[in-house]
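Think of it as A, B and C in the order they're written, each chain with its own count starting at 1.
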Amino acid sequence: MRDVAIIGVKNTKFGELWDRSFRDVVVEAGAGAVSDAGVVGEKIDAMFVGNMSGGQFVEQEHIGALIADYSGLAKNLHVPSTRVEAACASGGLALRQGIYAVASGMDDIVIAAGAEKMTDVPSPKASSALAAAADREWEGIMGATFPGLYAMIARMHMHKYGTTSEQLAQVAVKNHQNGQHNPIAQYKSKITVDSVLKSIMVADPLHIFDCSPITDGASAVVLAPADIAHEYTDTPIYVKATAQASDTIALHDRRDITTLDASVAAGKRAYEMAKVQPKDIDLVEVHDCFTIAEICAIEDLGFAKKGEGGILTQNGETAIGGKIPVNTSGGLKSCGHPVGATGVKQAVEIVEQLRGEAGKRQVDGAEIGMTHNVGGSGATAVVHIFSRDR
Amino acid sequence: MIIMSVPRFWRKQIARYNLVGTQCKKCGEKFYPPRNMCPKCRRDGEIEEYKFSGKGEVVTYTVIHTAAEGFEGQTPYVLGIIKLEEGPSLTSQIICDAENVKIGMKVKPVFRKLGQDGERGMIYYGTKFVPESTDKC
Amino acid sequence: MSVGIVSYGAYVPKYRIKVEDIARVWGDDAEILKAGLMVNEKAVPDVDEDAATIAVEAARAAVNRSGIDAQRIGAVYTGSESHPYAVKPTSTIVAEATGATPVMTAADFEFACKAGTAAVQACMGLVNSGMIDLGMAIGADVAQGAPGDALEYTAAAGGVAYIIGNKESELVAVIEDTYSFTTDTPDFWRREGMPYPEHGGRFTGEPGYFKHVTNAAKGLLNKLDAKPEDYDYAVFHQPNGKFPSRAAKMLGFSKEQIAPGLVVTRLGNTYSGSCMMGIAATLDQAKPGDRIFATAFGSGAGGDAFSITVTDKIDEMRDNAPKVEELLADPIYVDYATYAKHKGKIKIA
């Protein structure tokens, strides 16, 4: 297996992009990443596109070909393009598939992208599309919503570990703080614990400000074999680990409601592959689709003991300048959550940080970064570790 | 509108009406919702029908204020994970005042409407839960 | 050969609305209404309850009370005037949910408020003819009353199921005989596709209720050569409190005889479940050997009278399922807005 590097990255603006279509945003991200890498189209061997639900959000399937076509890579170059789906972990998984392709030696230059266009449908329809990531027949039919499922995790976490609504709110406050300095972020407004707690209740104990928004956006990275990465960039970022794990589709079948075992397993595999430990990680982008999800993630990835994620957050250790900066991009909460794009966006953020290009969100001296992307209520977890050093 | 269809609902109707799940004869583990492959014994397992008593307790719950599509007329409603006394857990609505539902609360099943396919389509019935002690709600 | 009740089960939703709360919306005088109707409050279904779910709950209570094998039930007949489907039986849902399917027959009954007792009679016939082992007859309704209509003060939700059999050792009560009096009388109806019923002027009382109830009751008393004082209890269809009280008086039954079964003041009119609920409430407290006289009425119109004698078996069975008094206890009161939400009177989509 060959070492793999990221040689180009690009995020579109995240938000309610009324004037942009699904294909518009993916092409912008893809072309941007290719341009960042300084490669030409003829060099591209393959594309992988993470997309959760083109079928429900824009009634469009066959996303791979569509993107290759509108990127100008289909008609003449016939570049193979594959759509990858694992609900909200589609992006992370597309990246993983791209890494596989390059590592295997089958392909050299590969684009891994992710995209979702969620605001072409009314919000109830979007929520219903997202609910397809849970068990439709045994959760959805009973009236379960995604905030509802994570609210049940939160309730249990509070019951078992004494985690408080204030600690959950602090996740949102911290992520908005970070998102303010991210030019692509959907929400750049500063919020307070009080404003989170006073926002409307969506699924008790989760308020609307505990939830990530509905977002349009796309992200892309260009992958290359580490051996030739320097031909394209002075600052290649190396993939030290790619890991994935599955768990039960339904929350009710989990071993422990407050632990995403898939995150634990993927994290463990990633640490082993990269030969690092949690203490070696300088920053991490975790899947904070809801505030409780970030608390669980930092515990499941080993940055806090089980049950102490809320305290770590409350103590400011997950803020920039803290022990382990989490979601410097603003996370899903503030930066936005175009579901298929999120896993790739996390990688873009880590690359920008490790390159030292993150501006006011820069984590000083960042050498090793991690991404953590979750599908559904935890049925899929994808973890990557990246490093400045090969 | 609940995203179901007549055949999709009907084929698991008995499971939903009467809490009929499955069990693996080999290892004894019981499954609700029903499974046709025992996660422990896999292909060596022997799956057969099993009817659950319906007695259980609340593992965790939430009160849904922003409803899923088709549930708008029910807000706020309590959604919970119920652990059945025979072992498995399921997701269901708990018919109970939001203030009275508690983790660990004992519950029993009731027969209720789960939803309907608009005004003209099929009505979906199934099992929800209520506190075992009637004075609770 | 004796035929009778092997088991019974009742169900009442836990919500109630008071007459005052309805009267407030329409500017009516609650005290006058309460005095006139002898109804103080009525049962309201939950948002996810309908005649089918109520019928299932009642049917399951009946099966649980006796502990019989539901597979023995050869017929399920559900009487209701609020069947959730115009076409597609409620009874198949009930049969499936009680575990009685598939070797059995099922159909839905409709005869205004006496569809349930008509189903009891059908089961008696099938059981006694030997066609089936046990039959289940249910009366269940989420009764409709147009907003602002006088009916809205009484139209309630509830249901009762009776399992009918003829094995003497299994009977909690013997039905000695039944007698019906039926004419084509347009006192009350609901046309296909219409959400609320209509009254045929003032037909409801004299040519409707009283004529059919008294004729059915007298017919049965004559047939059995019995007198009101031969009975410990009496139950008459209770669309309100006044009608059954007056019918009892006309026939010579006392206030004391009808008191245990007169649940309408706290329950409202559960239509197909009405008289059957009164019988259930009476069985809940009757002693072995007690005799119950009951007459149901259905608009359209007809009366079904029954003469019932309680057996020793009642004592071992009674506590195995919720009693009507327990179902009526500790209700949750809702205001008119919540009632409208529960009844689906608020259009969302």
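Before moving on, here are some points about what is shown:
Keep in mind that, in the parts below, a contact is a pair of C-beta atoms (placed from the backbone, for glycine too) under 8 Å apart; a residue touches a chain by one contact, two chains touch by 3 or more.
Keep in mind it's a predicted model, so treat the numbers as computed, not measured.
Taking the mean of each chain's C-alpha atoms, the chain whose centre lies closest to the overall C-alpha mean is B.
Relative to subunit C, the most remote chain by averaged C-alpha coordinates is A.
The distance from the centre of subunit A to the centre of subunit B, each centre being the mean of the chain's C-alpha atoms, comes to 32 Å. Subunit A and subunit C have Cα centroids separated by 59 Å. Multi-chain contact residues of subunit B (touching two or more other chains): 74, 93, 114, 128. Across the assembly, subunit A contributes no residue that touches 2 or more other chains.
Those residues of subunit B that touch subunit C in the shared complex are 13-14, 17-18, 72-74, 93, 95, 97, 110-114, 123, 125, 128, 134-135, 137. The touching residues of subunit A, when paired with subunit B in their complex, are 124-125, 127-128, 131-132, 135-145, 147-148, 151-156, 159, 200-206, 250-253, 257. Contact residues on subunit B toward subunit A in their complex (touch as defined above): 2-4, 8, 12, 33, 59-69, 71, 74, 77, 79-82, 88-93, 98, 103, 114-115, 124, 126, 128. For subunit C in complex with subunit B, the touching residues are 14, 46-50, 52-53, 56-57, 60, 84-85, 93, 96-97, 99, 326, 330, 332, 341, 344, 346, 348-349.
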